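In what comes next, chain A is part of two complexes: it sits with chain B in the first one and with chain C in the second one.
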Partner chain A sequence: MTSIHTDVQIGICGSAGDGTIAVGDILKRAMARAGYRVIAFDEYPAEIRGFGKCVARTRITTEQVYSMKPKTDVLVSLNDAHAIPHAEEVRDFGAVIYDSAPITMIDEGWHISGHLNPGQLPYGLPMREISEQATGSSRSRNIVALGFVAGLYQLPRQAFIDAIAAKFQTKAAEVTQSNVAAFNAGYDNGAEIYRFDKVEVGPPARRTRVHDSTMMTGNAAVVRGCLDAGIETFFGYPITPATSIMERLAVEMPKHGARLLQTEDEISAISATVGAGFAGARAATATSGPGFALMSEMMGLGVMAEVPAVVFVSQRGGPSTGMPTKTEQADLNIAVFGGHGDAKRIVLAPTNVEGCWRCAGRAFEMAEAYQTPVVVLLDLYLSNRYETVVFPNKNPFVRDAWKRPTQDNANEPYRRFELTADGISPRAVPGDPHGIHTATGLEHNEFGRPNDLSAMHFQMTEKRHEKLNAALKHPGITIYKRFGDTGEVDVGLLAWGSTFGETLEAMLLARAEGIRCAAMKVVMLSPLPVKPIKRFLKDCKEVIVPELNYEGQFANLVSGAVGRDVIRFNRVTGKPMAVNEILDTIRSAAGKRKLRKSAA
Partner chain B sequence: MSPEHPIYLEDKLEEIRGSGRLGYRSKSLPTWCPGCGYYSMTEGVTWALNEIGLRNEDVVIVSGIGCASRFPFFMETYGFHTLHGRTLPVATGIKVANDKLTVVVVGGDGDGFAIGGGHIPHVARRNVDITYLLFDNGIYGLTKGQVSPTSAIGFTTSTSPFENHDQPLNPLMMLLSYGASWVGQAYAGQPGHLAEMIRAAIKHRGFSYLHILSPCVTFDKTDRTYRNLDFSVRNLPEDHDHSNRLAAIREATKVDRPAVGLYYVENRPTLSDTLDEVMIRAGGKPAEQAGAG
Partner chain C sequence: MHHVIIGNGVAGSHAASVLRERDPGSQITIISAGALLFYNRYDLPDLFRGRCDWVDYLVYPPAFYEENKIKLRRKSLVTEVDTNKRTLTLAHREVVTYDQLLVATGGVAYVPERLLDSIPLMHGFNNFRVAMAMREALPDGGVVIMLGGDALGLDLARTLIETNYKVVVVAGDRTFWPHELTQETRSSYLQALEKMHLDVVDGKQVDRVEQSNGTGPARRVVFDDGSDLTGDVVLPFYGLAPSVDFMSHAGIDIERGVLVNPQLQTTRDDIWAAGDVCQIWSPEHNTYRFYYGWKNVKTMGDVAARNMTGDDVTFTTAVDEILQLKPDGTIYSPFWEYD
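And then the complex of A and B:
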């Protein structure tokens, strides 16, 4: 990755109420405005008030990257007690910025300057005093600190002033003025400093024009995908970290003549979604693990009655209420297998923010084309993280492309569940005089009448499974892809969901060290593209499956399907996977190979 | 509907064939026990749809799980036989997707007030324009006779072998306090009146709840029998003011002498109205709905 001119990660750490997330937000928006690529992820506590720790990390680059960096280049401490544990994540010759004149006395040993390594360069700044001088109040010390960082690295001042103005546009003009004053005061202070650190920010990539890219979260990309796909109804119930999907849709859908309803629970949300799908609408709901568990039974009805429905599931730490504001990938099993009976459904797991948009749009197409519930599996890290995304000019999503009854045999009774070669039956919706039928959760014959004869149950079960194979060839979506070295490799990595970003970065670093390796992302978890995975595994001497769950749910899925065990690399820290930990695993797998070879 | 002279089979068949009612019946024969109250439902819904003159393809009958819930299979309309207790949210979804459809929900007391009880207040308060026909037999029939939330105290069933000790719910009072915009009661032993009530409930614009006292002839030989109900059921007083919610609740408390008739009705915006209002406020305009055209 020598083409990266700029690759800087800035972390801001404070207590809830310090304005940590707010300045992180201004930083990433300003840098995106200035034409950089941005990827950002905030850590915040589950409590709204109180003194929980907030960390806003922003990675600023000229080329597209796929994850956060394992090491931070610049750490800003707005609260030393919270920031001290994060000092160790600052790289050698990186910078640590702290308040040198805090309002409260800090106990001995609790000042961050006493916790730095010799290679980490401290910049003490009287944030509170500068804020008071510039604005008459100490409240803008977070903006002063942001200005200082911008001045220190000569980041484009105007982009920040524009981002501040945009952030406070709904407030009185004085609010913007005073924040800009605080920013400028910090900037001027930073610009005067003679730096000893080795953090360099170059100009943005020349070919990236500001307006080509949009910075958004995974959830915002899901919303855009829904709107581009022509969503007609949405039913949902608030749950972290999926709520922002419903909140944004509540604003946008009515503008487009679409209907959204907050239901009394997740059971009603999925029930109404399936009802709307039965009636012919493009219908969706969004939830997290606890809500999805409640939806299991109705997912089965969607499968049995062959009703299109799209379900967005953003995973968080579990089981039970678990860790609502922490990320995890432990709902693969319930997404793929959840519920009773042979209830095969389509499951898509995007790996980045652009993928959230694409999977959302294609999920509606697939639900209609294959007449089935489709789960789009996100996680908190992907739902909440920001990335700059470039969308195509033309909306690629197809609407209303499903097999309808023909009028050729209008005199014969309509077979809603006709057994066809591809398993897909002509679907009519209420209002069509030629398609009258009753859909049911009971096993049924081609006409939809209850029927539990052995042969019928077998044929219908087979139909419901086999029709989904067409999804493996659905146009306009990459359901798996291999990166890195071609042909035989020493180490292969197989990853899904947000963890693929860290996996890809680790693989690239390992290649730079001379290890022959490759990584494959798998976006469609059900039906699983077994043949391409088998082909890939054949090329790999060792296979590592990194994922954020304890047992290795994807590893189980894959090894069950291909009959080969893999090296499981599991973390349940509530945090995204660390690139350097994956890298260590690659090194040791490659090393083991070598050892074995030399022994033989 | 009350004949002056004896009914002869040929005359009756001729009348039924000529009425157009059979156009709403599918080729499947009902699977209920002879004498079941649900036959009156089939008759009543068929008669009401025919009287109103609805097109078959514009009607969706939604049911859950239970004896009553087999009903959609016997009708020549769209039907969705869903999950136990989830009829109302499914029906809400159908109505939100396509407001032009007439959505009739049928279910029993277990489906509605045990497993599905949490959905009723929300459909009532949102005033979803659907008709809910609840057939209350006070027992679980499809699983062969267990106690239900509307079973009487002292009722002995396979799961209450030492008598039921739980106070039964009063569905009419619940619906009246939830804010349902149309609340009525009928009795399967009076099929003519039942049919009239079904017609009125379907024609009401908003959420209409019709509570139907319906004997289970197989598993209840002692409590809610035709014999007992014939004796206890009365009409609402002629001077009952069905615009007065408190008067309606007062009538609903007289559980020993259940009264049939229209308890309460009001006209207020439906869920479709409020969703249209949201679109106007957002600066959009209602789009063509699913399935329309």
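And then the complex of A and C:
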């Protein structure tokens, strides 16, 4: 049998209360169970109650991919008013599935069948009626629609039934039975349909890897990274989109003998985290932009007192309350520079779900090793995005990763902030013999005692900066990486955070069109790996920096560091970057280059 | 002005493009019960030559509709027309308003009443999906039983014979439809079919179609004299019946089809009809009559669209309706032609 390369994106759009996210969840879990690679991302409204729009998108592939597709192959409408604007997302010869027997009369123009492009294929399904026949209620029409999709494309039925059973395992058995009945009714309907669309789903590529892979969100990967790194304490205050980190840790940490406390606010959370770090515990907090703004003073204390602390910041649309359920990358400035004084800290920005796990684990090592707060900068898209991830069998994270005082000078007073060649002082924690010292937010001398002499302030400021350079060579983490063509290229792309996935896809598409190009992901935003970035930029005739903020915060950071201007490609739509828009920018940059060359 | 066309076949699609040409600022909507864009049904016998992708049958690419600002609503069955309110009700309960309406719903395969119970055991060939189903049900070199044997069926039979299938035509009074033959000419045309390597069963009335038992051909056609015939698929080719059910309460005159004057206007000023669905007043014959074939239907689309946009042209047939007996003894129907 010829293996079909599978790359299908299914979108489900409905109103809050339609079970849109729930069926999206079953879909991705079923496909991951069946052995496919999955990337999924849900959009949902900020309002807790009401009838806002929800969209669950799942990309199912047999090969490694890095982002959601710009065009959806199959769209399921559970609510036409919400789904109509998304009809244009469906590619030519893709499918749109909708309820063909709504319960009430519809005003002209409010049925999705009237909004399809000529190239799209319509599939009307009496979802409510089928649900009522199968379960006695129309409530399971979302599951009927899911079953229809599964039947239409001959997806493995049992994987869905297992996923439904897992989804409703805490409910009464009748709930599972009813949903399975609805699914099967939809499946049977779908299987009978003659398909005109050009959406093909082949078998998974590597069935043997099914049990090695796990499907999880970026926030879930952060949690696993924390646990694998041996987190001991966590203090947090809920805020979208970081809340699920605390929720998951609240369940998992007690199982590992670790403790979590929900504090009264973000100031308290960071204060407790820094305090726990001072005491020698592996400590972390998680927040979003508004919460991180409140934390900036204590971040300064962590830097000044050289206290390890890990802060997960998941960005959302801002400023202020902004767009809590929309994604953005506009907190780079506050993550890298936020706070007063020369408060340099380490900032890591993972680019995918596996990276969330790795950065979380390494953040604890780095915080300890370089005695400083470490910010792990996520965003809503990455926090909530599902991917199938394969973890190594052996836990790679190192515990107790800091330089401790030796007993050689046990008779001398302990110098907590000793000036050393690498800027890293031997660190004692309360209770260590011969480790008594002063820790303060005031500028201090090597013993920690307040000292604001010019020379001392310079030496200590320099120490706090220079010690971080070692982080650029921290083992076990990729802080930057180049992809695509080697050597000189017409177009180079420099990207960070979740946008790198879209950037990489766009770069691969551009290469397929014959454009010489390369992309570099930068995971460590502070200290910035300036030399490799310079080397990369030297190879690039044009450089594009795509990012989800208005000002081009990363472009500013890079331009300032390397002294070269770049093409800024900024979007603030509240949505992930569109691959085709980056691709258009690449084409445009490559075109300009050609024009200049021919004019010369 | 919102021109709404019900039907996505030759008449409706051609009318849409003429309307766009003559009325660039208008809104044009085609409403179709099918899922596909306008495709060439006349080419469907090519399925047996290996052309199995529906995209290959499209008359216009998807971009045509966007470029010409023609909205095509598919999977939208019209269930009712309210001519007073100028609205259509679709099966999914949406109401669509129109200023001018063109009915171009064509026809469905006619099946005699005595065979209605046998429909589930017969295959169709009037759209891509059912044609593909028929193709998939027919084993290589299999036997096709054609009931009736109208001109559309005989067109398919030509291809089936060329592609090594066996075709049995159960002849009757609709054989060669819509050609009208005398009893004398009919027998010579039946002989011509045999020269075309078709088997002909004549003089028997089909009573029913049954599923065969055992491992042989899948279907059994039982005649009213008790004799039978077995084959792999059975297709009714008894001509077309106009699709007018949804217009029954519309308040326009309907006989078998929608009655129109030579300008293709119905008994309402704002409603026209074109294609296999309409019966056109023929002063020559002093009656309303149907005109078939791609060329006629396309001309009707043209005439209707022109008159909907202020012209005053009348329909005249574009097809020679005489079944031709070729020198080699085979037949040729002008209804097989299309452009």
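Convention: the second predicted complex is superposed on the first by the 594 of 600 C-alpha atoms of A that agree within 3 Å, B and C clash if a C-alpha of one lies under 4 Å from a C-alpha of the other, contacts with A are read in each partner's own complex, and residues count from 1 in each chain.
Criterion: contacts are C-beta pairs under 8 Å (C-beta built on N, C-alpha and C of every residue); 3 or more make two chains touch, one makes a residue touch a chain.
Given the structure is predicted, the values throughout are model-derived calculations rather than measurements.
In the superposition on chain A, contact of A:Glu266 is made with neither chain B nor chain C. When the two complexes are superposed, the chain touching more residues of chain A, out of chain B and chain C, is B. When the shared chain is aligned, no partner comes close enough to touch A:Glu502: not chain B, not chain C.
Legend: residue contacts after superposition of the two complexes on their common chain; A:Asp379 is shown touching neither chain B nor chain C.
When the two structures are aligned on the shared chain, A:Asp485 is found in touch with neither chain B nor chain C.
Of the two partner chains placed by the overlay, neither chain B nor chain C lies in contact with A:Glu547.
Residue contacts after overlaying the shared chain place A:Pro122 against chain C, while chain B stays out of touching range. In the superposition on chain A, A:Glu306 makes contact with neither chain B nor chain C. Contacts of A:Glu108 after superposition on the shared chain: chain C is touched, whereas chain B is not. Chain A has no residue lying at the interface with chain B in one structure and with chain C in the other. Note for the complex: chain B touches chain A at residues 28, 55-58, 60-62, 65, 72-73, 75-83, 86, 88-94, 96-98, 100-101, 118-119, 121-122, 126, 271, 275, 278-279, 281-292. Touching chain A in their complex are the following residues of chain C: 35-37, 54-55, 62-66, 71-76, 90-97, 128-129, 132-133.
Those residues of chain A lying in contact with chain C across their complex are 92-93, 99-102, 104-108, 110-111, 113-114, 116-119, 121-124, 194, 196. The touching residues of chain A, counted against chain B in their complex, run 232-233, 235, 251, 254-259, 261, 263-265, 267-269, 271-283, 297-298, 301, 305, 429-433, 435-442, 449-450.
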